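Here it is, the structure in full.
When the chains are written out, they are named A, B, C and D in that same order, and each has its own residue count from 1.
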């Protein structure tokens, strides 16, 4: 984080729990990282690791039975968690916008694309309906869809997934947000379409200096998009580093595993590596390191206490006993 | 679209004929007839009367006679009222219709608001109370509800009339008349609304709960829209879609009358005529009314399908 | 299923309607009502200051409640007793009934019966007019009777019972007029019949239709014009129709041409009420008179109002179990066993709580033909068992009686609302070894099953009856379709009908009813009471089982 | 670069197969249901109600009581805990006996009509075209046939066939369910029409699932919320309508009690105000049963609903 001077948003000690019948699920547990203006921060991890909930927490859209328990989300000079609902609403879709995973279900099936596109324009930029329509045609063109006028009159079910995701991006861009949160924006799409969408996002970042918080499980996407990477596991940040540093020099055994399971062109292996075991239940996690059971280099201390995230060189942070000084490595 | 509607309308003809056959035979098979209901008659006079009414003919022949007359626009004479079925229904149908429309409007509005509100606040006290209330109205005899309202508002407070449609012997006209009828409508409409609003509320709540969990509602929130817009524009529109089917069921209901409420409040509606006609086996009235309701059912279903196509772009009829 | 639920719900509604329409509720705190020899018991208003404003303000209008008029205001065409009530206000009859059920002259000055009791000569009062001001003459009477013989006449008056001479020929189109009807002059008409029948006077002396009004365009076989006039009646009753509002009210105005003078109360309105709320309507002063289900609850309630004059009277009808004489019950011993074996007193008390009494003969105690000198069939199961044994029904291994390998199982048809009867009779009969299978059904379906003879017992009531002959003729072997056939009884019935002199008829009927009590052609159950109340400001009203309020209507006053 | 590669999530089958126990969806649903306190309350209540009605009368001294008409309309007391009715019978005992019939009738007829209605509605909505036309037009016709005369005829037929009066109610409820499906079928159909456009159905298309699986595993469970509402409402409807049927000779005949006819026998304002013990017990029994079924139903929905699994 040394190189980052201009911080747009900073998440500090964020904890979001789900209060279920079975018990409290600590989906996001004491997570901290920051997003510099105009940069792309990727949050990676297996599904269920809390990365989507982190994104929703930033939007303050965590649904029942989830609740943001504590922490701070600084955006500019305000703490988002302390804003009144009305003020927060004024930021959503305006300064902070979000693109979701499932474009097919994320648009209202009974409203036309046009109606859904003009809403934030009228709400935040106080445009008249007519102005908003004109503006939204421009947006559609901007996200690379031809025949904008026709598009405005179309219903979501008439469009393909890739088109819909472009529309979602257009909606997100409509008020020139400072921060764009993209929650698995390409997961549900065809491979070829994925690349186009990523290109589009990259272009936007370049054009309008929008910061992007990219949520993904796909290391390929990370490599292509991110400036900075946050790795989450079981609701916690376990490693954080600039993208090149992370890919070249992963430190946490989990990150290493992730990178090993990624096929590399040109190298043949009998079968793809996969991390043994599965993501632990988030209820009643003990004091141990959550990854201990799956870890190939597990230490006795790992089963007793949880490591704290610590700053290393090259802006590299990691939460692992292996890198703590004075820890006995003997079995 | 036009072709679809035309095809469906043409489809209705064989259905109506089929329905008329079934209904006619159902009534013909019902034990007992109009003449039976007068115990004072001697068997000879009964036979004479059956011949006069044509009740002694074979069912098939009776059906064709009836059908022939219907095709000429003649629905026959009410045996007990001694006037054409159409004028009889005309006397009572609109009274029921008035109440039904008012009730329909109130029921849907109230159910919509309560249903949506309790869905938005699922698991709140309000929601729990509404749920209890809904089931309480279902288990509480409507008969008592009517009597209670009468006791309270009419007998004790003298605010509203006990029953009827106008004050006895009243000579009012114009707006005074409208006001008088409106006053008499209040209590029956309340009873019917309470009866109907429960299940409908439940229905809207469920639909709303289903919709509110969907992704596009989250999108709408993420756009920073006001909660009102999110709920009433984005969620509600979708939650209302399945309700269209329900609305179509209401069409025949508008003309069917509500027997118990009409009775308690002495409302001159068609429900009581229907019941009397059935008790006394006044076939022309039964056939006329049932055919009318059948037709409305079929039209209602057709309307539902068309409206559904219009309202939901995904199943729009091409 | 949403719809399904709704339909079942409205079904529910329907039943409640019907239930309360024919309910026989039972209540506690039986008020001491003297059951014996009390045709009418009056409780007068105690505190007229409680009279509601609505009633006090109405100084020229009398509002009576009734169930459901249907707009057929022609005394010969209506199908519904309530329309009958309306027509008796609008139409005058030659002969009326007084409060003891005897015939008295009304439009007729007098009638003379020939010695052979076949020819009736009616003399009309002078100067009679219909409500439209046109004169009422013997021609109108002749027209009325002729019309009843028309072959397309489909009303419920069965004029063939009278057997007017030449009537059948007219009906069959063999004659253009009826020879037995002879207009002597405008005031006198002679009618010749071919059979002596005590019931004839009721039909011959009935309401008079105006020939000028109803007979316009009349030709034999064509009553079409007449049928269009049901909503616009012209008669010679105390009131004339002002307006009929379907399902709501029938407004009438005093008839200035009424023979006994224009009634003092200008407006008389029949308002539609139901048994569910007629008490509330009466309480708020919206009605002046209504009939209520007779039970202690309603009585107490009415009494507490203070402004109500309450009338409790025994009805002219009776209830019974119709017996199918073609099966097990053709044996008199078994029928008598049922009379002894069922605790009818308990059933009546449980059902009416003081507002009904056990019946032992087929005539109301208020009739002049009633005889107290009969077997009361007090509950006695020992006697019932002996009678069954005598009839050859012996108890089988399971306690159920059998004969010739057949078990003694009886099917009882009934409408809903007879819980006490069903429950108590079933357990009583079980005690004496009889199985009672109960079937609850809709009234018309029940009549249909009776017609087919597929039953043993069927719970029914008679309509209100004026003349004992009306009740008696149901036991005539040519009329009874339940298979009852007793030549001795037939003879007594015909004898009772064949004279019109009450003094002569009385011993005949008393003998007949004693015989019927012995022979048990049906299981007699009860006489029930009816209860009416009227606002104390209405003066001169004494409702009666035979005439209701109509007898007093022309001379009522409002205080 | 290939975005499909390098994923960490469930798309890698190796991860799953090693650890997850192959629990069947039903077992899973049952586990979830057990954890839902409200649903368990509902279920326990229904079981208790069932026991109350079946076993309860064994402990009542009034089951074989003779009816004399004495001691009628008595308020609750030490002898008659819930008072006596208009013929002097113990209301608690009658309430228990009545429950046997009302519960059977209510729940059985609900299950049957929901079964028929949802299957036919789903088939019509899924296949559309000719199948849809045939089913829905047939439903149109059925919906227009008036039920009252039909019931009267049915009563006559059953009476002619000498079916014992107390069994008729079951046959009639069966018939009513068979006739009552069109309304539900239409509702289910319209939901299916919408659902089959949703993305997850397009997925099943891609997976090449068999129709039967698509309808019963993917489509119908999504109409469950609706079915539960309809089902709970129809239980109440069926229990109440039983008393109507007895008017037509199709319900139970007196003296056999049912909750519906117990409520029915209190029928005036005076009964309502002065003798609440006549109508409250059956009213509360119906109310509580309906609530219990609803709680159980909602629990079932949450347990089975694929959308709730997170």
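List of remarks:
Heads up, the rule we're going with is that contacts are C-beta pairs under 8 Å (C-beta built on N, C-alpha and C of every residue); 3 or more make two chains touch, one makes a residue touch a chain.
Which protein is which chain? UniProt says B, D = ABC transporter permease; C = ABC transporter substrate-binding protein.
These figures come from a predicted structure and were not determined experimentally.
Using the contact threshold fixed earlier, the set of chains in contact with both subunit A and subunit D is B.
Core chain by CA centroid proximity to the global CA centroid: B.
Of the two chain pairs shown, C-D and B-D, the one joined by more C-beta contacts is C-D. For the pair subunit C and subunit D, the distance between C-alpha centroids works out to 46 Å. Taking each chain's centre as the average of its CA atoms, subunit A and subunit C sit 87 Å apart.
Averaged C-alpha coordinates put the centre of subunit B at 24 Å from the centre of subunit D. With each centre defined as the average position of its C-alpha atoms, the distance from subunit A to subunit B rounds to 54 Å. Along subunit B, residues 30-31, 141, 143, 147, 151, 199, 203, 213, 241, 246, 249, 312, 314 each make contact with two or more other chains.
Shared interface positions of subunit D, defined as residues touching 2 or more other chains, are 143, 148, 152, 156, 183, 187, 197, 233, 237, 267-269.
The set of subunit C residues touching two or more other chains comprises 2-3, 5, 9, 12-14, 16, 18, 276, 280, 442, 445, 448-449. Chain contact summary for the complex, subunit B toward subunit D: residues 11, 15, 18-19, 22-23, 26-27, 29-31, 131-132, 135-136, 138-141, 143-144, 147-148, 151, 199, 202-203, 206-207, 209-210, 213, 241-242, 244-246, 249, 278, 286, 290, 293-294, 297-298, 301, 304, 308, 312, 314-315. If you check the complex, the residues on subunit C that touch subunit D are 1-5, 7-9, 11-16, 18-20, 23, 25-28, 276, 279-280, 297-298, 301, 346-347, 349-350, 416, 418-420, 422-424, 426-427, 437-442, 445, 448-449, 454. Subunit B meets subunit C in the complex at residues 30-33, 36-45, 49, 52-53, 79-83, 91-92, 95, 141-143, 146-147, 150-151, 154-155, 158, 161-169, 195, 199, 203, 246, 249, 253, 256, 258-261, 263-269, 271-273, 275-276, 279-281. By the touch criterion stated above, subunit D contacts subunit C in their complex at residues 66-69, 72-73, 86-88, 113-114, 117, 143, 147-148, 151-152, 155-156, 159-160, 164-165, 176, 179-184, 187, 230-231, 233-234, 237-238, 240-241, 243-249, 251, 253-255, 260, 264-265, 267-270. Contact residues on subunit B toward subunit A in their complex (touch as defined above): 122-123, 213-216, 218-227, 229, 233-234, 237-238, 241, 311-314.
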